[in-house]
Structure formats: C-alpha cells, structure tokens
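Per-chain residue numbering starts at 1, and chain names A, B, C and D are given in the order in which the chains are listed.
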Amino acid sequence: MPGLGASFGRGGATTYLQDLSNADCILIQGSNMAEAHPVGFQWVVEAQRRGATVIHVDPRFTRTSALADLHVPIRAGTDIAFLGGLINHVLSNDLDFREYVAAYTNAANVISPHFQDTEDLDGLFSGFDPDTGHYDPVSWHYEPPENPTEDEKARMKEMEEDESEGSKDKQSHQAAHSEAHGSGGAPVSWKGLRDETLQHPNCVYQILKRHYRRYTPEMVERVCGITPQQFLQVAEALTSNSGRERTSAICYAVGWTHHSVGAQMIRTAAILQSLLGNIGRPGGGIMALRGHASIQGSTDIPTLFNILPGYIPMPHADQHQSLDEWVGDDEGKAGFWGNIRPYAVSLLKSYWGDAATPENDFCFDYLPRLTGDHSSYTTVKAMIEGRCKGYFLVGENPAVGSANGKMQRLGLANLDWLVVRDMQMIESATFWQDGPEIETGELATDDIGTEIFFLPAASHIEKAGSFTQTQRMLQWRDQALRPPADCRSELWFYVELGNRIRAKLAGSDDERDRPLLDLAWDYPYDDSAEPDSEQVLREINGTGPGDKALSAYTELKADGSTACGCWIYCGVYADEVNQARRRTPHWEQDQVAAEWGWVWPANRRILYNRASADPEGKPWSERKRYLWWDPDEGKWTGPDVPDFVPDREPGHVPESGAKGPDAIGGSDPFVMQTDGKAWLFAPLGVADGPLPTHYEPPESPVSNALYAQQKNPGRRILEQAANPINPTGSEVFPFVFTSYRLTEHHTAGGMSRTLPYLSELQPEPFCEVSPRLARERGLEHGGWATVVTARSAIEVRVLVSDRIRSLRLGDRWVEQVGLPYHWGGNGLTTGDSQNDLVNIQMDPNVYIQDKVGTCDIRPGRRPRGPALTSYVEEYRRRAGIAAQEAPDTEATSEEEN
Amino acid sequence: MALTSRIGDWSLLRQLRGRDSLGRGEAARSERSRTLRPRTVGADRVVDSICPYCAVGCAQKVYVKDERVVQIEGSPASPISRGRLCPKGSASKQLVTSPTRVTRVRYRRPHGSEWEDLDLDTAMDMIADRVIRTRREFWEWESEGRRTRRTLGIASLGGATLDNEENYLMKKLYTAMGAISIENQARI
Amino acid sequence: MSPRDPDARVEEFESYYGRQILKTPTWKSPDVPLYFFLGGLAGASAVLAEGAALTGRPGLERVARVAAAGGAAAGTAALVHDLGRPERFLNMLRVVKPTSPLSVGSFILTPFSACAAVAAASRVTGRFRRIGRLGGVGAAALGPPLATYTAGLIAGTAIPAWHEARRELPFVFGGSGAAAAGGLGMLCAPYDETGPALRLAVAGAVLETVATEVVTRRLGIHSEPYRTGRAGRLMKAQRRLTDAGLVLSALGVKSRLARRLAGAAFVADSLVTRFGVFEAGKESARDPKYVVVPQRERLARRTAEQSPAGV
Amino acid sequence: MGRLWGRLDDPTSDAGYDQHPPRMGFFTDTSVCIGCKACEVACKEWNEIPDDGYVLTGMSYDNTQELGADTWRHVAFVEKPVDVSVSSPVDLGMPGSGPPGTGGDPASDESGSDGVRWLMSSDVCKHCTHAACLDVCPTGSLFRTEYGTVVVQTDICNGCGYCVPACPYGVIDLREDDGRAFKCTLCYDRLKEGQTPACAQACPTESIQFGELDELRERADRRLEELHGKGVDAARLYGRDPEDGVGGDGAFFLLLDEPEVYGLPPDPVVTTRDIGSIWRSVGAAAATVAALGIAACAGRGRR
C-alpha cells in the first residue's frame, strides 16, 4: 500500500495481529474487523480484556461496533476529514509525542519555498496540471542541505532543469508508480535542511499545522456527520493512550483502500500515528488488514502490471531503456532501497539464468515496458474497444467481483478467447449463457464470439505452496490430496503452458521470441504430477555461487553471481530449509513467535522497531519495552529481529557522501526511506498530494465543505459509455450507498455461495436502511427494493435497522444504503450483483475504484428484460446524464455549484 | 448364540443388576456409544495447511482417510489463530468436497450455445496456440518512438488465493511473453 | 417479523421475534390422540369385561373383551405408526424407566395387549377358557393404568397446558376412557346387559366433565389454550357431546335408541376430548407467552419471598 | 441415587458410572460473541448435519432461527434500541453506540431512537443436570454419558418424539426425513479422545468456552464480577445455579439482557421434577376408573 509505503518505506502492515493485544486503545476504521477478520479480532478482544478501549468508526453499526466500547457513525468516504480533525486536535493542543516526532519524523524538514498548500489554492497543491490531472511534485521537495555534497549538487541541477521543463514526460511515468514503494520509500534527492526547533514557517510541522487548521470539530460534524462530543471522545481516547507509557493501534482494511482517495486515507492515519509516536512500538502501529489469503503475497510477488517481485518497478518506456536507467532513480540513495541494483540484477538472473550476462545488461531488454496505465479497469476498456483479445481469469470472478459489472461483461463478450480457472462454474464463465445483458437483450449468445476454456482448479489442500498473510507472514501449506480428475494447480498450468509455448517456438529466430526461449524454465514434477513448488520457493529465495540458497538480501550481488526471484523474500529458504514451513507451536515460544512461518523482511514482526527505543537507544518506557541498544554487546537486542543495522550505535552520524545502508543514521528508524524518517509530509511518491486532503467521493450528495475543489483532482477517470457518473448533489440520486462484505461470505461468492453451510447463513442479497429512509421511501422490512445508479438497477431485500443511522450534516440529512456484494446469478443462492451499481473512478496511486456512490432506492422489484435498460436510461435522462457521452469532466465547474 | 448374547446385552438386565437403577446412564449406553471414537483418529494422515479465505492466515489441519478429506479444522499450534476458524474456514471441507465443484474441462466454442467436453491435453495445446497467435497479432516493438517490446493483446487477472510460487511463475512467464496487463485481486 | 415491529413492544412480555420457546410436539395427528382414545377405551373395557364376566353378562363381556383387545391392537398400531423409526418399536422395552410414562406405558401396554388378546380370543372362540379368564383378570388389572397413563405421558412434558394440568388430566383421561368403554357397551351390547355400561359411562362422563372443567377454567393462563382456537372448539364440542350423552342416558331408561345414541355420544365425546387436549398442548407450545409470563410470575414470587422487606 | 431435581453435584455417578471423568460443559460468554456463526458451521462440518434451508428471515442477521435437529448451535441476533442519555460516554466492555444528536436534538427523534445495542448469543443444548429429554426417553437412547453430558444414541432412537416437548428449552427435535431425534452431543466422540468440541474449538473470541464444569463456573463468576465492576449491570449468568429448576446447566451462559430476549425460558423447570405427583395422579385416576368399573357392575339393575 503506497499510503504506508510513502510514509514509512514499506507497504506492509507495520505490526502483527497478536501485538494488538498490547494496545491501550485500538481505533478500527475503514474495517469491519469482527466480520471480515473474525479470527484476527480475537486479539482486539484480548486487548479489551486487558483494559484497552476499542473504537469503531464506520458508517454502519456492525458486529465490530457491537463489541467496541464506542461506535462513531460516519458518512462513507469522509475519513480524511475525521482523521484530519484528529491531527488538528493533536497539533493545536500540543498533544504530539514531541521527542518522537522531532527525532523520527520529517517534521523538522524545510520544504521548498515554491510549495503551495491547499490552503493557498483552495483545494489544490502546487504543481497541478489541469489538462492531464497530474501533479508535478517538484515544488514539494525538501530544501537542499546547507552544505551539499557533489552528488547532491548534481541533483539540484537536475531538479532545476525539471522545473523549467515542466512535467510532461513525467506524467505517464506516474501510473501507479507509488505502488513501487511497497518496500522502499520514494527516492528524495537528499536528507535536506532541517529545523529541529520545528519553528521554521516552511518546516513540515508548521505546514501540517496550517494544512489541518480548518479541520475543526465543527467542520468534522459538517462533513462526516459526527458530533463534536463524539469526536472529542475519540480524540481523548487516542491521545491519552499514546506517549511514552501507552500506545494505540489503528486497524484498517478495504474500507479505506477502496476509495478514490484511498491511499491518502491511509496516509492520514500514518501521519496521526507518527505524531502520537505509535509506529515501531508494541501495541502501536497500523494494522493493514488484507482481504484475502494472499493479497499481501500477490503484491510482494506481484501479478500487477506496474511492479516486479519485491516492488521493483516495471521499466517505463520513457525513462528506462537500459539497466542503468532503470535502477538509476533509486540507486545510491540512503537506506536499503538504495541497493536496488543487486536486487534487480538478481531478479533478471532468476528469470533468464545463464542467458543474463553483464554484457547484455542481464537481459534487461527482455523486459516489456510500460507507457502508462495498464491496470485492470483500463484493460477492460481496451477489451470493449477491441484492443485486448486474450484473457486469463485465474481464481477471479470480475463479472461479479469487480466494479461496474456491465463493463466487465461487455469486455468478456468482446474477446477472442478466455481461459477461466476456478473450482466452480462462476458468472465470468457463464456470462454468455445467462448474464444480465442476455436478459436485457443487450447481448445475444449467438453474437458472442468469445471462445472459452474452463479449466478446473486444484483446491488449497490439493497443492503445496505458500500464502503471505496480512502481517507479511509466509505460511506453507503441504499437499493433502492429489487434485481430482482434470483439476490442476495454477503452478501446473503455467509450467505446462510455458513448456508448450516454448516447444512450439523452439527453433524460432524471431527476436521477439528470445525472452521465452531463453527463459529459465525447467521445473521438475513431484510424485503427484504437480510441479515441485518448494523448488520454486527456493528460486524466489535466491541462490548464490555453488547453487547454495541465500540467507538474506544483504548477500545479493550486482555482478550476476546471485539469482533471486524476490529480494524481500530472500531468507525464506535460508540454510536450504523451507522457513515458511516452520510450525513451532505458540506455547513453545514468546508472543513474537519468531519460529512460526517466516515474515518479510528478515523475519521481523514489528517494522521500524528501532523506534521502540528513544534516540539514545533506551526503551521509551519499561511498559513498552521492545528493542533496545545493548552497549556491552554493541548491538540492538529484544524479542524481535531488529529492523535496523544490527550493530549501528544510536548516536551514529553517517559520513558525508555515504550511500545505501551506510547512510543510515543511528536514530533513523525508517531504514527504507532515503532520509530514515517517517514522512508526515510526502515530498515524493504520492500522486495526489504531499498531504491528505478531504475531497468528496466521485459521487456525492453534497459539495465539499472544505474547498472549492470537489473531488480528488488527481483521480483517474475512465471514460466509457457503460461508466456514466451521477452528478454531485443530484436530486435524482439523493442517497449514499456503500458496499461491503459479510462474515458468512467471501468476495464474489464463488467460494461461499456454492457451499450449503455458508449459503444458509446469508441466503439472499439485501440492503440495510435506516428507519427514517424506510419511512421516506416506503420501504418495508423484509420486502423488496430496487437500488438505482446511472450504471444499473438491482433488486434486493430490505432490512430496516436502527444500526443504520441517519446522519445530520449541518442543516441537511444524509441517508446511507448498505449493500453487501456477494451475489450473482450462479450458486446455491442467487441474486443481483451489487457491483453492477458501482462506478469506476480510481485512486491515482493504486488505480482502485471508490466503493461509495450515490443512488436512488424505491420499494418493489426492478423491471425485467429490456424494460430494465429503459428504466435506468430514464434515470440518466432525469439526472441530466447524456446517453453516450462520457460524463463528468472536472474542468467543467457547473457541478461544483 | 446370537440370541443369548443379545439378551445378555439387554440394557434392562444391566439396569436391574447395576447401579443405574433408573436406566438413565451406564445401563442405557449402547455398545456403539461405548466404543465411539472421533473419525479423525482413524485418519491415514494429518496434513498442515492454511485457510484459503481471508488474510489472517489461520492454520488448518487436514485429516485424510482413504484419499478423501474427512475433516478440516483449526490447528491450535498457530500463534496467530490458536486453532480457531471463522465460518468460512470452518466450511473448508465443504469447499473442497462440494458436489457442484467442476472437475472436468469445459469448452465453449465461439458463438456456441452449449458447453462441450474437451480433453485437458487438447485444451492446453489450444490455449498455447491462442497465446502465440494473439501475441503475434498484437505485438508492439515501439510506441511513439519508444521501445516497448510488448503485447497489449493478452491480459490476466488473478485471485488472491494464488500461492506466491504461482504468482511468481505467472509474472515470469507473462513478462517473457511481453504481456503487461497482468493484474490481481490485490487491486480490486 | 421486523425487529422494530411496534407490536413487539406493547406486549407485556419480551420474546425473540415472537418466536416460540418450546418445540411443538412432533406427534402426528390422528395417530397419537387416537392412541390416547383407544388406550382409554381398551383399558376401561377390560375392567368392564371382567365385571361383566363376574356378574354373568356374556353379551357385554364379549363386546368389552373385543373392545379391549381391539383397542389395544389398534392403539399399538397407531403408536408404532407415529414412530420415526417404526422398526425400532421393540427398543421401547430396552430399559424400564419410571421417569418416563411412555416407558412405563409400554410395559403396561405390552402385557395388557397380550392378556386382552388372549381373553378376547378365548371368549370369541370359546376355547382355552381358563387361560382366557386369566388373561381377562390381567387385562382388568392393567386396564385402568392403561387408561390414565397417557395423561401422565403428556403431563410429563414441558408443554405448559399439559404440564400444569398434571393433577387433573389423568382424571380427564380416566373418566373419558370409562365413558368410552361404557358408551361402546351401550352401543353394542345386548340391551338387557347394558346397565353396567350405562353406569360406567355416566360416571366416567361426570368425572371427565368435572376434571375438564377444572382444566379449562381454573388453571389461569394455562386454561387459555383449552378455550381458544381449534382446541377451544373441540373442547366445546366435547362438552356438548357429554351433555348429549348424559341427557340421552336419562332418556334411555325408557328408550333403546336413546341408550344406543347416548353410547355413541360418549364414545364420540371421549374421542374429541383427546383431540382437544392434544391441540391445546400444541397451541400452548406455539405461543411464547405461556412460557414467559408464568415463569416471570414465578420468579417475581420467588424474589418477593426472598426479600420480604419488599425492597 | 436417582435424583430427579434439586442440587446434584455428580449426575454422572448418579447415572451409574463408578469411575468417570469430570463433568464437562460449555460456558458461553455472550459479551464477547461477534456473531460470526463459526460455531454453527464447525458443528455442522464435524457432525455432518444437513443444511437447514435458505431463508432470509429478516430477524437481523439470524437466518438460522432456532435450534433443532439440523441446527445444534444457533446464534441469536437481538437489535435493541438504547437510550444513550443514561449510559456513560465510554461504556467499557458494553456494546453501545454513540448516535448523532444526543440530548434534545431532533436528530434522535427522526432517526428512530437514540442508539442501538446488538446482542449476539450462541445457543446450544444445555446438557441439564436434570434432563427431561433423557428422563422421558423410553428407549434409553438419550442417556447421560461418562462426561455428565446428555446424548442421543442414534443407533437406539426410534423416533418416538417424547423428548421434543419434554425439553423446557425447546432444543431437541426430530429430523423429518430421518425420523430420529437429534441435538448437540457436546461432541461426545471428540471428548473420548480428549479433543475440544468443534464449536468451542472454532470460536474466534472464546465466547464459547469448553472445560470442566466446576472450573467453568468459577471462570464465569470471575467474568461476571469483572463486568459488574465495569458497570455492565445487565450482565447475568443463566443456567449457572445448581439450585435452579434443572439443577444447573452443563452448558450455561453469560447474558446481557433477560433470557427471554434471546428466546430462552426465564425459569425453566425439569418436567420430571413432578413425576411423582404425576404418577400419584395417574394412580388415583386409575383406581377411580377401577372403582367405577366395579361399582358399575356391582349394581344390580339389569339395565
């Protein structure tokens, strides 16, 4: 997550679930933890048993709220306003943990005089290009140090050139680039000028103060619908439970990531936690709750367009046409990310083996280049427009699980071929038979030319392999059974596919086939006719001279003598042992449980744990003792692996011109950051501004109370006929809807709607509405309702509940409709898919859509067949949305009114 | 004799002879109840696994007998989950043994109106051909004068139940193909 | 039902969405009420048969013996039919449980059936008279408890309308059984021998009426299910049939037809009684108030007793 | 021997077991129940219970509705409006909510109420000390195990259905297509190997605790004290008291409201406590019938 990556240097959760039990206060926001992560929630209950206060801030009163000490209802999508209010409360009452802030954050850094804040530009930062919607971050830079080194002088020159040239050639480069900070902060040019007194008017601390000054409790009430009393209760609980003696933790999940300002929501929490001194300390931190088994793993070893394993960015056609150019952005900067060259070279070695030599840049040229955004939603648009014709769906069901289901299905219907690998016959494989567009007549089976291969998949017990769970822990699964009949693992499928393609191309002298033919692709099969997955893990771990497994990424070399499939996972196969398979029972170890599974990086459980000690290396307090400097031994010690150079003294000051890890100071806990500090202000690395700022969701019933700028100016807009957007403040779509999941189901439902024991627990899609909305619209508890957006209309059953609060925003009411999203046309229990309602406008950092939108709701079932299309069309007409035009361009200011 | 032994087992006699004079406990216990054992005891092997649903990563024990799963439950040894499972994790056995699970390749030809059978080997071969064809068709050496060496004609979307090893090989193979529109649920 | 249903709040007691707390008996109708009736008829008939034999009323004896044996056989069939696993009927004899009226009942019904069958067979065929008489005595001894234990059976449940009527129901069932046995005798025996049948029927009917009156009027909230709904209608019909039987019996001193009709009325009354009681039980299971309200009152009394100061 | 009601410290021995393990049970602490229903699923997976139909009930998140032959654990969901003006701002340990517009704001009227509590509770067979289902079972299918629990022996049950209305909690029921009675066995088979019952093993928050009953009772007392100390006055134990109408439950609860709110009887009594009076009445009635018969025949009148 770039929110965390840009703030601290790594995108993973900063702590581990068990450590939540050490917290004195836990703020759960953007997460319905008890419902979505029930077993993880045991540690929250544990903390509560020990006396911690648990606060749940959420639009709905959920099963998490039921256990919390305090539930604060909030208007969906306004979290930055609330958290910004908390930051303002901390700063204006001097409640920050000043020693921590001064030593471990960039509060003291002085920012370029060219920087202009949203205060100055009414909702925009300096550097915004309204034509492209992109920011040029050059004016956000740290002021250079007083006595720059030669290197730094060179960079200053570069930057001046950049400034004069404008940002043109940088724009495309930004496509989700921030995701590359999953393990390695953005490379600022220097540690920069600091004013340790925090008084300089352009130092981060003062900028922060000014930026959040208008986020008052009264403003929070106007924006979020939270009363000042409730706001102060939360502020009081958090601040009184932070400091030397006490720590507070924040848990979030897709309630934050699924917004057009998702990364910035997380950034706000990162700023708050840094100010309160809660990062790197037991019972503190930010617990990023990933949704599914290996979401963390699939970003660490990504199947994402913009990064390679270990968050190494995919090369971009504009800047990276050689190995040197590719690693040049980061190489040599302070911190461990400055060592990117050995990581990148070792990856190329593991891809192309002997073919990768120093002479040919280790086959750098074999890597395809990006030119912009190639993310999922953009690709779906390309499918509709006929620019992408072959599609692999591997355990994913976008026809139900992705935003704007219609777009997804129109894309699927326009392919040449589609491979679906799943355990059950999911909607994405049957859209041509019985999809909603077949019902409405928008598509006809005969007309759909997509050739479909449904290949049955092996289940989790029928293959061996590792998942990386929410606290960055790799855990190995052994194989229990052979997969039945034609079922196979994905490992088998891709090994086999690679073998066949390579065999068919064998002998080709076509230059474009070289990367395939030179690929190191020799995977042995085990007894069950599946590829040996431990060998793949070993390749990921990396090997050195003599084909020995490596133990740590510090062993990686840039000369081609080492190969490593994912540098941050280096060590998972140390000593030729599958460390992810370690299963020492918890009763045989302490709470850190270092001998269960393996955690990246280097088996560290709490990241940045250097910050658990004061600048002198002593614990901040006995109660919160974790890692400390042992002067006799000359090393850092404690129950966890130090997230620091193990023998670097607390007072160490790096030599001038030191590079990489050598440049890390003795009190720089954030070792992946170029300056070793937690970033209150992000001079680089976040596409939509250095400081989180409240913008309304792309669809909102109200205008932005804080600035003239209504929506995130940097958000990515997907212009497509099937993706119309409801206008702001529309009378036709007066209500907010927010989507979510239920304990009893799993994402798009393929793994839950098909099981009797889960289906019976939540057998039908429903909406949750407040009694007030039910009265207003005549909705009957248990009856049917039709929910409409400009995209589509769906029917669901109605639950009227006091758990859904009508929110008061100043002089008006806002009603929210809750919609779980697990259903589709197939399975034991069926129903309309909620994702058909969701629009696609994306966060510019990670290209994720906003789960919140506006809607209308009416009693009764929806029209059927072609009548549905005209029903929605009528809504669009009334809302003033032109039929075939892509609506909503921010440049037109009418909608701001 | 079967009859005499049946009479000898007659609970009523045990009731009259033993301490359980009201026939509510020991006397009423059947032979089956006396010798009952959990089915996990008879398992041929117990295999360590991890729950495939959410990201908490609860440890599971999989009990296998006669090459069938007889039980999946939480492994108490895990420091994260301590043996506990949510309803989804608890339903894992049903996930694996679901009667609606599809275990054979299904094929839909272009413009077809029905699923057809297809041999796995043939399917793999056909897919490899499709990849090669589409890759050629949509190959791009350059874009606006910049070397790109890629194809935008092939895309992939993976779920979050993919193993690290699987993700690794997917990205490796796709990258060698030049396919870059490779995405994952991590972004959805 | 909506959690916000305003009705749920105006009730004087709380419940879980108005749902019943107890399970409704799964016993099938007509199997089980029919069995109750047949058991009562058979049990009381066995007594009447032995009385008739001792006082030299062969016609009445014959009718009563057949009724005892036939009632027991048909009753057993109904009972077995009601089982979820009829082939396991013999498991009823696996243990003997004094805490279970059904268990004890099985140990009454089984020998009774055997005795009554022997007695009836002997009487009808005229053979093995000594064994027949022995059977008759046995049946007569087991008859009364057979007639009344079924009341104990339902009183031994948690169903409020049954359990709270546990003192009265055996008398309802006993009286009802006597009325049925007598009634059948009045209906089928040679007119000249129907005197004991009439006396038994009238006495049984009076006993049944008095006991029923207590059940339907004097048990507070627990009487309610007997007076409302389907059960209420059945109990009203039962009462009318009893009244008819009694009036016709009075007339029947002179009229053969009236006596036969009176007999039929008593039999019908007895049958309807069992269905009425059965339905009342089901009704009281379905409404949580019959569980919550009296238990709340009981708790309140107990609290009041424990704190006499009334703090 | 053979106690039918009142305090009974060792029902297992009372049921004829000479040597036996300690009495095992459940303590369900509903104050930490998150309503995830893992218990329901884990129970079904282990005991191979069929599904119970796909019905959206509208009873909050409870689509299971009640315990029965196909549901041995049932999570109840109770949504109750609360008046927050009387509760403290941060009410530790207590489900509560802070609504908008506290104190005279028209918001509260408009949105229906001041706030909401969402109570969740996993119900199960109570494994009574004096179990009516067991007492009335004519076949001995229902019996007390060596662990002091109450279990249906499916190899014995003939589906007479007597246990169904006998249970004062409405727990046990007949499975329609099978004919036999089913209910929670407290995982009798698992207990034989020293394993934890499936529901307690799965429960994420230790709302369901399994163990020796004596120990569970102490634990529950401590928890109650703790909650009362935090001002959660509504907390109370249900089925804990060995002097209650069923001699105390082997599976008992900590509730946050009156039992009937969760669908539990407020003061259950084992029906067979009254078996003596029932037999007396049955006997007296039988004697009356015999007397009536004799009197009727003794009468001289021919007609």
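Criterion: contacts are C-beta pairs under 8 Å (C-beta built on N, C-alpha and C of every residue); 3 or more make two chains touch, one makes a residue touch a chain.
Bear in mind that the values here come from a model prediction, so they are computed numbers and not experimental data.
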Which of B-D and A-D has more C-beta pairs touching across its chains: A-D
Innermost chain, where centres are averages of C-alpha coordinates: B
Between chain D and chain B, distance of the C-alpha-averaged centres to the nearest whole Å: 34
Separation of chain A from chain D, taking each centre as the mean of its C-alpha atoms, in whole Å: 45
CA centroid of chain A to CA centroid of chain C, Å: 72
Intercentroid distance (Cα basis), chain C paired with chain B, Å: 57
Set of chain B residues in contact with two or more other chains: 11, 22-24, 27-28, 72, 76, 84-91, 94
In chain A, residues with contacts to at least two other chains: 38-39, 42, 743-744, 756-758, 761, 771, 781-782, 801-802, 828
In chain D, residues with contacts to at least two other chains: 36-38, 40-41, 45, 58, 60, 79, 112, 135, 140-141, 156, 204
Interface residues, chain D side, partner chain A - complex: 32, 34-38, 40-41, 44-45, 50-56, 58, 60-61, 63-64, 79, 81, 89-102, 105, 107, 110-113, 115-120, 204-206
Partner chain C, residues of chain D touching it in the complex: 4, 58-60, 65-66, 68, 76, 78-79, 112, 132, 135-141, 156-162, 164-174, 178-181, 258, 260-268, 271-272, 274-275, 277-279, 281-290, 292-299, 301-303
Residues of chain C defined as touching chain D within the complex: 1-4, 13-17, 19-27, 43-44, 47-48, 50-52, 54-55, 57, 82-86, 88-89, 91-92, 94-95, 97-103, 105-106, 140, 143-145, 147-149, 151-153, 155-159, 162-163, 166-171, 173-175, 177-178, 182, 191-200, 203-204, 207, 253, 281, 285, 288, 291-292, 295-296, 298-299
Chain B - residues contacting chain D, complex: 11, 18-30, 32-33, 36-41, 71-74, 76, 83-91, 93-94
Chain A-touching residues of chain B, taken from the complex the two chains share: 45, 47-59, 62, 64, 67-69, 72, 75-82, 84-92, 94-96, 98, 100-111, 113, 115, 118, 120, 123-132, 134, 137-139, 141, 143-144, 146-188
